[in-house]
Amino acid sequence: MTDWLGPEEWRAVALSLKVSIWATLVSLPLGLWVAYLLARKEFPGKQLLNGLVHLPLILPPVVTGYLLLASFGPQTGFGRLLESFGIVFAFRWTGAALAAGVMAFPLMVRAIRLSIEAVDQRLEQAAATLGASRIWVFATVTLPLILPGLTAGAILAFAKAMGEFGATITFVSNIPGQTQTVPSAIYAFLQVPGGEASAWRLVIVSIVIAMSALLLSEWLARRAANRVRAT
Amino acid sequence: MTDWLGPEEWRAVALSLKVSIWATLVSLPLGLWVAYLLARKEFPGKQLLNGLVHLPLILPPVVTGYLLLASFGPQTGFGRLLESFGIVFAFRWTGAALAAGVMAFPLMVRAIRLSIEAVDQRLEQAAATLGASRIWVFATVTLPLILPGLTAGAILAFAKAMGEFGATITFVSNIPGQTQTVPSAIYAFLQVPGGEASAWRLVIVSIVIAMSALLLSEWLARRAANRVRAT
Amino acid sequence: MSLSVTLQHQLGAFTLDASFEAPEGLTVLFGRSGAGKSTIVNAVAGLLRPDAGQITCDGAPLYDSATGRHVPPHQRRVGYIFQDARLFPHLTVRQNLLYGRWFAPKSTPGPEFNRIVDMLGIGPLLGRRPDGLSGGEKQRTAIGRALLANPRIILADEPLAALDEPRKAEILPYFERLRDEVSTPILYVSHAASEVARLATTVVALDAGRVIRQGAASDVLSDPAVTPLGVRAAGAMLEARVQAHHDDGLSQLDAGGASLLLPRVDQAPGTRVRVWIEAQDVMLATERPQGISALNVLETTVRALRFGAGPGVLVQLCFGDTLLLSRITRRSADALSLQPGLRVFAVIKAVSVARDAVGDQPRPEL
Amino acid sequence: MSLSVTLQHQLGAFTLDASFEAPEGLTVLFGRSGAGKSTIVNAVAGLLRPDAGQITCDGAPLYDSATGRHVPPHQRRVGYIFQDARLFPHLTVRQNLLYGRWFAPKSTPGPEFNRIVDMLGIGPLLGRRPDGLSGGEKQRTAIGRALLANPRIILADEPLAALDEPRKAEILPYFERLRDEVSTPILYVSHAASEVARLATTVVALDAGRVIRQGAASDVLSDPAVTPLGVRAAGAMLEARVQAHHDDGLSQLDAGGASLLLPRVDQAPGTRVRVWIEAQDVMLATERPQGISALNVLETTVRALRFGAGPGVLVQLCFGDTLLLSRITRRSADALSLQPGLRVFAVIKAVSVARDAVGDQPRPEL
Amino acid sequence: ERITVFAAASLKTALDQIADSYALTSGDEVVISYAGTPVLARQISLGAPADIVVTASTEWMDWLEARGAIAPESRFDLAGNRLVLIAHDSSHPAVAPEHAALDKALGEARVAMALVEAVPAGIYGKAALLHLGLWERLSPQVVQTDNVRAALALVATGATAFGVVYDSDARAEPRVSLVTTFPSESHPAITYPAARVDSRDTPAAQRFFAHLRSPEARAQLRDMGFTAPPGAP
């Protein structure tokens, strides 16, 4: 594989993996929390939160990228504030992870939310009567039961993150070795005369990674459905 | 609103609506069929079909656009064949609809599939014993029961189609009034000095349309869940 | 008009190997849980394809493993009444009722809509959706839906099991009417003795996938050798005629010449009814007891005794053509020196005959 | 060790306004469907917050609308046994059993794990997951799980309702043992008369959200004025002692001085048991009947009569301190000129007392 | 009648103006799709329905010509341009176009450029920086976009501090200031060749194509900061 892919292609693959894994892992706790809120709580602004979460799914990705740039860019107050803590997103791989995470977030939340909704709340009641506080109920009953669903959601998000392009290129541009993810590299290769061969190699790599992730996720989701039922 | 939006912006909105509505309506029967296959049938290659359906969700959209161009472009054999029947996709609004439909397809199928899986198959058995053949069972029992879920899936697909950018601009370019959808127009405006105002107006329009569609779809999905239960 | 079933089927460790005929009237398929009742009904409906056998309805083969024939469910014209009503939630009661009509052959007109609606008393519900109906109303609608599809046979798989007692009592009479007013054969699954007693024309007793006894209800049920539901559920079905209703809430019936006093039965004087008397409610005495609360003392002759493993004995009695079962202890049987031919008095408390143990009697075909 | 409940709560059109005490032992909350039983149990568990009232367990307030106190469920230390076992599907039986242990206060050690496992006979299941367990095994595990959380009170909401008869018979003895071997008070919901009869130390009868009667089980159940489950379920609970087992499958018991012959009971001679005798199985005679199959003829005195709307009469009888109920027709009552004080013979067929109507008797606290 | 033009992104402001005034006098409708040159070229080679194409470099037009996508006889050079370094800081002082001064001015800041391997503005820019000996050091700071106007937008919004764009772009955007103009010998000559697409030869397209050569159009281009095509008198 190292032979088959050129060094630049290889770097793009490595970067994309890093970006997608980070995007997935970091957004997972937040996704879990938001999915839980949406599945279980009633509060004012719930539909607004729901809309906000879905926004990246339906907004043009370029717009999402510009919104990110306008929020986290080095010129913005917020960007400077973060920078004083040593956190920089714009034109960094961290920004690519942020963009990928934001774009994959709705898919992750949808999947986790479904698995939470499938959990029999009577089991949670039973745990409460046995002495488990809210947090313990969540940790010992809800979480184990949604684990396959959670994993499925995370993997779907990972696959989506691997393919994210519009928001990424807008937010962090296309700096080889720093922010040039596989999709950006494919795009760049497609613009260079004779770059098609490299582009198609990367397309194959991303299809293979995404498809494996996807099949794994579907399989886990199906297992989840079988497991969560109360007994 | 006609005053607030300039004529070019207005044209982009009208085109995007047309493209998204067509994309949704035309892909709906196919989406229904595929969702039904995935929800109810076991056949060799099922996981392959499932992967294929999901591909646009996880592939870089630009790649999807290039694949479309490579399949339906006027230079290709298939493109010429279609053209001899008067069907042209590349660089036409029809192509924008195709791209949008392909990109939105996985979301549509996922939503419909869930609603089909929620239908109590014992109701279908009951219908069969009452004399309804497979097709009639589908038309008189399954279809009415999944109608809210179907609508929810269609609306989600519509919202996604409204935001589709990467595949569209690659497949049909960005020809004002012909293939310049709202996302392409936003992209174009963002690159014109002083074009931000127009861009943000279009962003607001697309957020409003997409959010309304989304809330409607969530509401329908919730109604669907309540309705499908056997009685 | 009859159903003939011969089936072999393997489900996991369970083997079904059953053969029976369901003639005119209502055939109750009964047996313990897991005996294979639902499997048979599903095979008749075509929802399950058995490994081997033949199913013939009215002469028409529905399934024949020899020829490979397997008529799909929607062409079988069976009216299946499920335990859970399975009404279509998106249709009104009227639309549910008429659902089968769309597909029923136009050539042979089915039962009239209004007649069925009246029979089931669901006129006021027609515009409503199943959602808001009570369990009993749902099940009545499901019965109507099956009937109006103009089926060649009605299948009912424990249609009352999910209902509570008052609801059961509400539905049972509809099945009696069905049996008496509709000429379609009915295959009815139950493991409740009282339902069997009240409804069955024919009884097919099933145990572990095999038919252990089949025949006319009164014969099978009064046979002390057949207690597929356990001795505690043994009893006899008496055919009787209502004679008079008394002011103190009792009704007088004539059962094969003997007079029975029972808590008020609903039928008008002159009506023929069937009465289910549980074996354990029948006490025996060698002398006519005096000064006792029990109102019914019948002079009978012992026909047979069946000693079981426990301390009880089933005693088959007869008066005229009528059979009766009594369950007493072995010790009493010895003390009374019971043996076939002995004349004994059967003592039956009026209140021990439950209201739902009295039902309309199947009428000969109209 | 007792529970005191006073509640007002509005649920749609339904108003709950109940107040009762559950002392030591097993208190059965019984009443028709919709009477408000589950609502009360959920309020005690803290799963529902009532509109007003107080709930005190063992002196500790769990809920008090006056002070606004509402202890959350996980701090109440109730052992709730649900109708559906609600075992955690991702944990083994052992882990399910030990779940409450994680959260139980370490200071007051709960029942010993092995003792509970032995008592419930679930030793062989410990390594398995709930998935593959039978209904009865699941329910036994659920009972163990509740016990091992070392609760101050056990709540059981129709824990047998979802089980079939053999399974019910399998679980009932465990609740008897619970009542007798564990000193925790138990609040047990049921609307099955036989469970009430077998298990209750105290009975709280509920109707339409109100407590209509509460007291010791034997008093309440033998009161002809209280028939919350309908007259057909009326009966009396006799306290008896097993005297001998005979070879012909009968057991001899002593009930308040009178001798009873019943189908074999499982307990050893000397054991105190309770026997439930349904009112409709008791026949009355003014003279001692001769030559009859019934083995039990008790000399009793009529204490009270209750005439209902139907043709029946409930007659309360006593012999010594023991109360008995008989249900006969009004006509017989007239014919026998029954009135309080009259001496009558109560005739009870041995076989009409079901096996599951005989249970261990609650023992005084250990 | 409608004429469709595919044009390099940097022509946006100028060509829009030419098209508007042309539309007023001729009554024809001119529809222009702007994108980075490689995107245009590739789409045209795949049959995009453009009547006229204007790229920002001769290479891509040669590439199209080699594929037979354009009418070779129609090809002519429409304009030239200068390459500049711009800053977001409106008061950034001018800097001489030489290694030391630029090195100091740019420091560690991000520089927005079009794709340096594919898009003409990026190719020219990389050549200029190479020429000045700055490429090696600067390349990790270079933020690449798919066309030059996207790079301009990054500087205009302040997302990057500097950018390499065309002089005409810099003039169209008031929020950027000119830092330096790269010497013309530091990069290949900037040429905007125009051609008619071979398969689409309508009279309206021919009329507008002719108009592009008119002195009026040239004047409008000149006003927008474009130069005469290299080698033109």
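As written, the chain order gives the labels A, B, C, D and E, with residue 1 at the start of each chain.
By definition in this document, a residue touches a chain if its C-beta (ideal position, glycine included) is under 8 Å from a C-beta of that chain, and two chains touch if they have at least 3 such contacts.
Being a predicted model, the structure only gives us computed values, none of them experimental.
Engineer: What's the fewest number of moves from subunit B to subunit D, given that each move must go to a chain touching the current one?
Structural biologist: Graph distance in the chain contact network comes out at 2.
Engineer: Identify the chains adjacent to both subunit B and subunit C in the sense defined at the top.
Structural biologist: none
Engineer: Distance from the CA centroid of subunit D to that of subunit E, rounded to the nearest Å?
Structural biologist: It comes to 91 Å between the two C-alpha centres.
Engineer: Could you give the separation in Å between the centres of subunit C and subunit D, each centre being the mean of its C-alpha atoms?
Structural biologist: From the centre of subunit C to the centre of subunit D is 33 Å.
Engineer: I'd like the Å distance between the centres of subunit A and subunit E, where a centre is the mean of that chain's Cα atoms.
Structural biologist: Centres of subunit A and subunit E (C-alpha means) sit 37 Å apart.
Engineer: Give me the residues of subunit B that touch two or more other chains.
Structural biologist: 190
Engineer: Where in subunit E do residues touch at least two different other chains?
Structural biologist: Residues 39 of subunit E each touch two or more of the other chains.
Engineer: Please give all chain pairs that are in touch with each other.
Structural biologist: A-B, A-D, A-E, B-C, B-E, C-D
Engineer: Along subunit C, where are the residues that touch subunit B in the complex?
Structural biologist: Going by the criterion above, the answer is residues 45-47, 72-80, 82, 84-90, 99-100, 102-104, 130-131, 133, 138, 145-146, 149, 155.
Engineer: How about subunit E: which of its residues touch subunit A in the complex?
Structural biologist: My answer: residues 36, 38-39, 42, 63, 88, 110, 112, 115, 117-119, 140, 142-146, 154, 157-160.
Engineer: So in the complex, the part of subunit A that touches subunit E is made up of which residues?
Structural biologist: Subunit A residues touching subunit E: 69-70, 73-75, 90-91, 169, 173-175, 177-178, 187-188, 190-193, 195.
Engineer: Once bound in the complex, which stretches of subunit E touch subunit B?
Structural biologist: Spelled out, the residues of subunit E in touch with subunit B are 4, 6, 9, 12-13, 31-35, 39, 43, 45-49, 147, 149-150, 152-153, 156, 172-175.
Engineer: Can you name the residues of subunit A that touch subunit B in the complex?
Structural biologist: So the residues of subunit A in touch with subunit B come to 47, 50-51, 54-55, 57-63, 66, 107, 114, 159-160, 162-166, 182-183, 186-187, 190, 203, 206-207, 210-211, 213-215, 218.
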